[in-house]
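Below, subunit A partners subunit B and then partners subunit C, in two separate complexes.
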Partner chain A sequence: MSSVGGTPLFLLEFGDIVMYFTPYTTSLFILALVFTCIVILSRPENQLDIIFGSDGYYTKETEVEELRFRRFMSIACGLACLGATVTGDVFDFTLFVSLVGITNVGIVAAVRSRHVQNAAFQYGIVALAGTVPLFGGAAIVAATNGTLSMIELSARTMSGVPLIAKALLTLGVMGEGMAPFYAAKAEMFRAPGAPYVIMCSLSSLLIFLRVVEVIITM
Partner chain B sequence: MIISRISAFISDFENLMPLFAGACALLFIIGILMLPLPYEEKQLYPKQINRSSTLDPYDRGGSPFTRATIISQYPQNSPTAGYVTTYLTPLSWFLANTTQHLGTTIVAHPGGILDEILYNTRGLDTVVEPTILFIAFAIGSYLFRRG
Partner chain C sequence: MWEEYSIGLLGVLLCGVIAFVALAIEKDDLHRLLLIDLVEIPSLGIVALLATDLAEALILPGLVVGIAELLALSQIYLVKEGLKEQPEGRLHIEVIEYADAPLILSLFLVVYGIILSGFTGGGVAGLGVVFYFMSRGYKEDLSLLEAAAGISWAIWIVSFFVFMFLPQYWLLAVFGAGGGILLKVIAKMSLVGTMWGRSHE
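This part shows the complex of A and B:
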């Protein structure tokens, strides 16, 4: 198999689901792994807001329990990213992407702020709706090709994957990876616990980069 | 000018959901227009429904106490596929052979070709699926208990 990502260096078999490590997917995998380690090890900072035009400042109190939950969600998100970046099966990829989507909802939803939780609700609805085109795309791939293995699909000389399946898959990933839009608007980057929020953006970036490889390879 | 207007529209997260829904609707309409799509007759995981079986609604395929043939993408990766299709205890096997009612209790007997595909050849999928459920449950219970 040779794809846009390069020749696989290593194959990891889980029955019919074969994970393949091409130079491209390996670099995404390492990025997700490093950032997951950073999330595990880092200690979130306390936030200080300076009152403009004076020497006064105030700190925002954040419960340890909230940060602990968000760290748990970030680690889960990192692990989902690890799977999504290397899996060699279309259906497995969609499952990992929806796991990334739901953990992103968890990271955003744990913040105790009405504005942020409104954003999390809206994002949750989009992530929910995004699963329809996502799994629909995978179903069309299975129906028109009879297989879900990306290695088999790329080995075919004539691509049998219809354009609509690729488009649905991309739209589904867009729905699941829409968190940065909400995170930016929801003042999440100013909220305490920055490394956990950046996991939203990084995971979205990783699944976007991966779906590009997937649809070009198929 | 137009870009700043678009970015102002997108920056309101209330607008993102209608935008995404509109994109979905548009793509679904295009998808319907592109019908019919060719159907590949040679499916990797074929499924037969045997209406005359005594286990009918839940017949998962495969004969008890013998090894079944499981079609898989990479047979060399699943050397033990087909051994765990014996989903009936001897009593259940007797009931299945003598009555028509075991179909209602078959949910208590995991096994068969379908489960071999789910747990053996596509086992990772089966792990990820409950993980999604557990994560969703964790978020829900955290938000509920926090009040």
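This part shows the complex of A and C:
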């Protein structure tokens, strides 16, 4: 098998589900792993708000409980990213991606601010709607080819995956990895707890990079 | 066969489009939450059109992901709207509260579920436990049930690793997986709706 990501360095087989580590997926995997470790080890920031036009400032109180939940969600998000970057099965990929979507919602939704929760709710609706094209795309791949294994799909000389399946898959990943586009909703990112919010952006970046490889390989 | 698949696909996509249009028109958050559940169903429909045993294996995780997101979203909705009141979920009907019928019915469901075993059995037995909790109320500490769900899930996963790496012990793994998923689904289903706001007490 030779794909756009290079020849696999090694394959990890779980029954018929094969994880494959090409130079491309391995680098994504390492990035996700390093950032998950950073999230586990780092201590969250304390946010300061400066009172405009004066030297005064006040600190925002953040409950330990809230930060603990957000750290848990960030770690779960990192683990989902690890899976999404190396899995060799299209449906597995969609499941990991939707897991990334859920955990991203969880990371922002724990913040006790009405504005942030409003943003999280809207984002959650987009993420949930994103599962429709995501699963739809994977199901059409299975229906037209009889297999979901990316290795088998890439081995075929004639690509049997219809364009609509690829388009739906991409659309679904866009829906799940919506978080960075919500940067316009400043409330979501002004919430305290630095390393955790970054996890949203990083995980979206990783799944976008992976879906490009998946689409070209198929 | 392809023609039937195409017609089915067209129908499901049409349903999806209708649901999405409804979602785009609706402005109320609660109604959106209900509509998003409607949007979920076409995605399961597309998977179900495969009509093989693979479809069955794919619908299950799809359904679970959908329910998980829906539960998370409704929790966010509750928090953001500041809804704290615990709903009075119990039915005050004498026959249900004091007679033996609910006990017998739920016992029957649990026993039948254990005989079925596996995921389906877990669903049936879990339904029995939910029915009992609904009719009698609950005062027990549910943390034990949570622990049981976690441990049985671990048994399930370990059994899958046995399938992959020690295939000669497949019989043990079958029993482990069947029993594990049975216990897990019973425990998880009986927790649905009963854990409301109790974790902070």
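Everything below uses one rule, namely that the second predicted complex is superposed on the first by the 213 of 218 C-alpha atoms of A that agree within 3 Å, B and C clash if a C-alpha of one lies under 4 Å from a C-alpha of the other, contacts with A are read in each partner's own complex, and residues count from 1 in each chain.
Everything that follows uses one rule, which is that contacts are C-beta pairs under 8 Å (C-beta built on N, C-alpha and C of every residue); 3 or more make two chains touch, one makes a residue touch a chain.
Every value quoted in this text rests on a predicted model; they were computed, and no experiment measured them.
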item	value
Touching partner for A:98 - first (subunit B), second (subunit C), both, neither	both
Contacts of A:199 with subunit B and subunit C, given as first, second, both or neither	neither
Subunit B versus subunit C as contact partner of A:128, first or second or both or neither	second
Comparison of subunit B and subunit C by subunit A residues contacted	B
Touched partner set for A:160, first subunit B, second subunit C, both or neither	first
Subunit B versus subunit C as contact partner of A:109, first or second or both or neither	both
Contacts of A:139 with subunit B and subunit C, given as first, second, both or neither	second
First, second, both or neither for A:90, with subunit B first and subunit C second	neither
Touched partner set for A:76, first subunit B, second subunit C, both or neither	first
Shared subunit A contacts, counted only where both subunit B and subunit C touch the same residue	13-15, 91, 95, 98-99, 102, 105-106, 109, 118, 125, 129, 132-133, 140, 142-143, 148
Subunit C residues touching subunit A - in the complex, by the definition given at the top	5, 9, 16, 20, 23, 29, 32-33, 36, 39-40, 42-44, 46-47, 49-50, 54-55, 58, 61-62, 65-66, 68-70, 72-73, 75-77, 79-80, 163-164
Subunit B to subunit A touching residues, read off their complex	10-14, 16-17, 20-21, 23-24, 27-28, 30-31, 34, 37-44, 72-74, 77-78, 81, 120-125, 128-129, 131-132, 135-136, 138-139, 142-143, 146
In the complex with subunit C, residue positions of subunit A that touch it	13-15, 91, 95, 98-99, 101-102, 105-106, 109, 114, 117-118, 120-121, 124-125, 127-129, 131-136, 138-140, 142-143, 148
Complex contact set, residues of subunit A against subunit B	13-18, 65, 69, 72-73, 76, 83, 87, 89, 91-92, 95-96, 98-99, 102-103, 105-106, 109-110, 112, 118-119, 122-123, 125-126, 129-130, 132-133, 140, 142-149, 152, 160, 162-164, 167-168, 171, 174-175, 178, 181-182, 185-186
